[in-house]
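Below you'll find the structures, each written out as structure tokens.
What follows is chain A paired twice: with chain B in the first complex and chain C in the second.
Here is the complex of A and B:
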């Protein structure tokens, strides 16, 4: 098991800054995801760690030792690529054996290791198949087994599931995590899929414009976004703009509504314009009888849209605070229709404030 | 009534789609008619005439003696030289073309080199016949510029070298064989995915190990297929060798038998041409088989 430290990595392509002073620490045996939109630099960072790209400045330390001077074939890192990368002229078994073959391991040892790993990824019966005889999901499982065969110090995965269909993707990501936990291998995983990153990672680094916006556990990233980018990129967020009325009492005026923000990180002077974020699941609705006013602490809203998402229904609302989205139980949503007037309750403990 | 009407309507709709399809197919066939007409007039009819002529006497009677003649001197020697020359230029062109195409696509080579190289190869691959033969006589002939220059340096390449000999002739053929191979090999090498190279490197393989275990096994069917194509290209060449003054080549023998430079005998020319067709058909079959195998991996 190894640690990975990225120190001040910078990489430019012409005038485009792909990595801008990137710092990241990955602990031994940890599963860390680099999450971000296309072009944020996550793949560039991974390729620098693998040895396929070189930074303009910075260091990549594995177990405290700078590996930038080493070529890719001397770094002993396993990598699974986005595109299917199995060698087409070899069976699944020979693909898995490849790394051991170039290390001149004996035929028996290679075959034994290949069998073990293919069984680990659930392909023990497909050892003699060529890549063209395997489905996309099976090919990526073989690629995973192949990358593990050399007993790498670090496992790197570059959007390995993005070419697969949704069901296989979910199944395989759980398998990747199971294998990682079983072997305890330090893993760096690149993805643009937030659900994927949050569901399998120990920690997630959300990246934007070549920098890490926030690095933390999935719960920290989801529940406590520290920047507007993270708040908008991870999950669905309602954004409210307001002015701080009282710094001590943490009261913000949003339109005609006064909101109390118990967020312990709230640290804005009175008069400052702030953005408040609240997730749709932290908003609840109550039906209003004809002409009734909402109870104190609640405000009214008019239903503008209903989107069925299975167990919950996403309700679009027009309110005095602006448009909002609320997730309500689909059973409750049966009573709602377009133009229904409802009382809206914000869970103030879930409100997050970010200075503009 | 309404139901019945709707039933009729849907039947009409279902029936109209295939009718439309067959009409558009007829138009499509009409479009390719000129191609089939061209093939018939300039390939199928002459080939048929040639095959029939190979089994006829000058009077039109059936005979096998024309075919028997091709086993008598000087024709076996001509076939031997043609086959050796074609094989040598195909192997030399194939191996060198592969190495050069790979070098052109190497990461370190500036990007502007590639289009310039491809353009030059496209032109050179079509530079053959009398101008090419003359160019080589003017440079490497007995009184050629390079020959004379080398003589001044005390290096006399004659008589061990000759433009009419196997190696001399193969050297001239390389002028169009090598660029043709480069043009055809570049897409094959580009078919080797970057991910294969990077995976191999990531798993500890050197560049040599990648080519040994992955690169060469994947491109070999294409490489062999293209060599077969070069073989056919050289085997059917005529004007270049004629200009160089080569005498013992099948295509030159056929021309002599038809033009009457030595003795007019179109029937023997038909038989020789038929034997050439058989050899070319075999190369086409081998090429097609190798391409099919290659496409399995480079798809």
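Here is the complex of A and C:
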């Protein structure tokens, strides 16, 4: 097991800054995801760790030792690529054995290790198959087994599931996590899929424009976004714009509605314009009888759209605060239709404020 | 019952659909036959002519037997084979690492490579060889040996081998395969030998056979440098005895067909179908 430290990594491609003083610490045995949109620098960072790219400045320390002077083939890092990377001329077994063959391991040891790892990824019966005889998901499993065969100090995965269909992706990400936990290997995982990152990682680094916007546990990232980018990128958020009325009481005026923000990180002077974020699941709806006014603390809204998402239905609302999205139980949503007038309740404890 | 009826009703229509889909239009067949005739008629004429002019009591394959008995045939044929194999070896040693490296590390040079590779098409062989002669004459030990032809044929074969290798490398995800091998600890020579070359098998075979075909059939340069290669021998025989010349032509056909058949059989086992298709 190894630790990874990225210190002040900077990488430019012409005038484009791919990495801008990136710092990141990955603890031994930890599963860390680099999450961000295309072009945010996450793959560049991973490729620098792997030895396929070199930074303009900065350090990559593995177990405290700078590895930037070493070529990729000396770093002993397992890597699974986004594209199918199995050697087409070799069977699954020979693919897994390749790294051990390079290390001049005996035939018996190679075969034993390949069998163990293919069984670990659930492909013990497909050892003699060529890549063209395997599905995309199976190919990525073999690629995972192959990368683990060399007993790497760290495991690097560059969007390994992005080419797979949704169901296989979910199944395989759980498998990746299971294998990682079983072997306790330090893992750096690149993805643009927030659900994937949040579901399997110990910690997630949300990246934007070559920088880490926020680094924390999935719960910290989801429940306490520190920047507007993280709030918008991770999950679905309602964004409300308001003006601080009272700094001490943490009261913000959004249109005609006064909202109390119990967020302990709230630290904005009166008069400042702030953005408030609230997730759709933190908004609840109550049906209003004809002509009735909402109870105190609630405000009225009109249903503009209904999107069935299985257990919940996402309701689009037109309110005095602007358009909002609310997730309600699909059973409750049966009573709703376009133009239904409802009372809207915001869970104020879930409101997060970020200065503009 | 309603379901059974509906299934029964759909069957004939699906059969009809399949029959309609598989039916080849008459015009397609006519064009196919015409195209076949264009190839078959000359070959048939060659074979027929090579079997005529035989005196009573002689084998109908007299001209073939005469050709095979001629020591000049054997020596010229083996000389051409030797030159062809040398051309293939030199071409592969030069081109495979070069094209591999350009694809992997210098993709910006690909248009330059494309341009260079078509120069032998643009510059006529006679112009090329006249240009090369003053240089080659200075290397006297080489100039008198048939190996000099191999070096010139490497240039002639360049477009064909380059295109085949280029297509083969485009058909695989070169960078990912190389990086995967590197991440597993392999150095570049091992990656090239164990990972890349096996996946370029069809491209290499295709390019090599075209190189052999060029080296076997080239006449202008061999004649100018006064080497008695198979093509020079065929021309010489053809000018003196038409029957033997035509028999030799048919032997050349058979050789080329054999080469193409081996390409098909070897390429069928390969995984680089796209490269084969382009090479053909």
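Note that the second predicted complex is superposed on the first by the 356 of 356 C-alpha atoms of A that agree within 3 Å, B and C clash if a C-alpha of one lies under 4 Å from a C-alpha of the other, contacts with A are read in each partner's own complex, and residues count from 1 in each chain.
Simple rule for what comes next: a contact is a pair of C-beta atoms (placed from the backbone, for glycine too) under 8 Å apart; a residue touches a chain by one contact, two chains touch by 3 or more.
Given the structure is predicted, the values throughout are model-derived calculations rather than measurements.
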{"item": "Superposition on chain A - do chain B and chain C clash or fit", "value": "clash"}
{"item": "Contacts of A:353 with chain B and chain C, given as first, second, both or neither", "value": "neither"}
{"item": "Partner chain in contact with A:99 - chain B first, chain C second, else both or neither", "value": "both"}
{"item": "Partner chain(s) touched by A:186 [first = chain B, second = chain C, both, neither]", "value": "neither"}
{"item": "Residues of chain A contacting chain B in one complex and chain C in the other", "value": "50-52, 71-79, 81, 83-89, 98-99, 102-103, 132, 143, 146-147, 149-150"}
{"item": "Residue ranges of chain A touching chain B (in the complex, touch as defined)", "value": "50-52, 71-79, 81, 83-90, 98-99, 101-103, 132, 143, 146-147, 149-150"}
{"item": "Interfacial residue positions of chain C with respect to chain A in the complex", "value": "172-173, 176-177, 179-187, 190, 194-195, 198-199, 271"}
{"item": "Residues of chain A defined as touching chain C within the complex", "value": "50-52, 71-79, 81, 83-89, 98-99, 102-103, 130, 132, 143, 146-147, 149-150, 156"}
{"item": "Footprint of chain A on chain B - complex, ascending", "value": "193, 195-196, 198-206, 209, 213-214, 217-218, 296-299"}
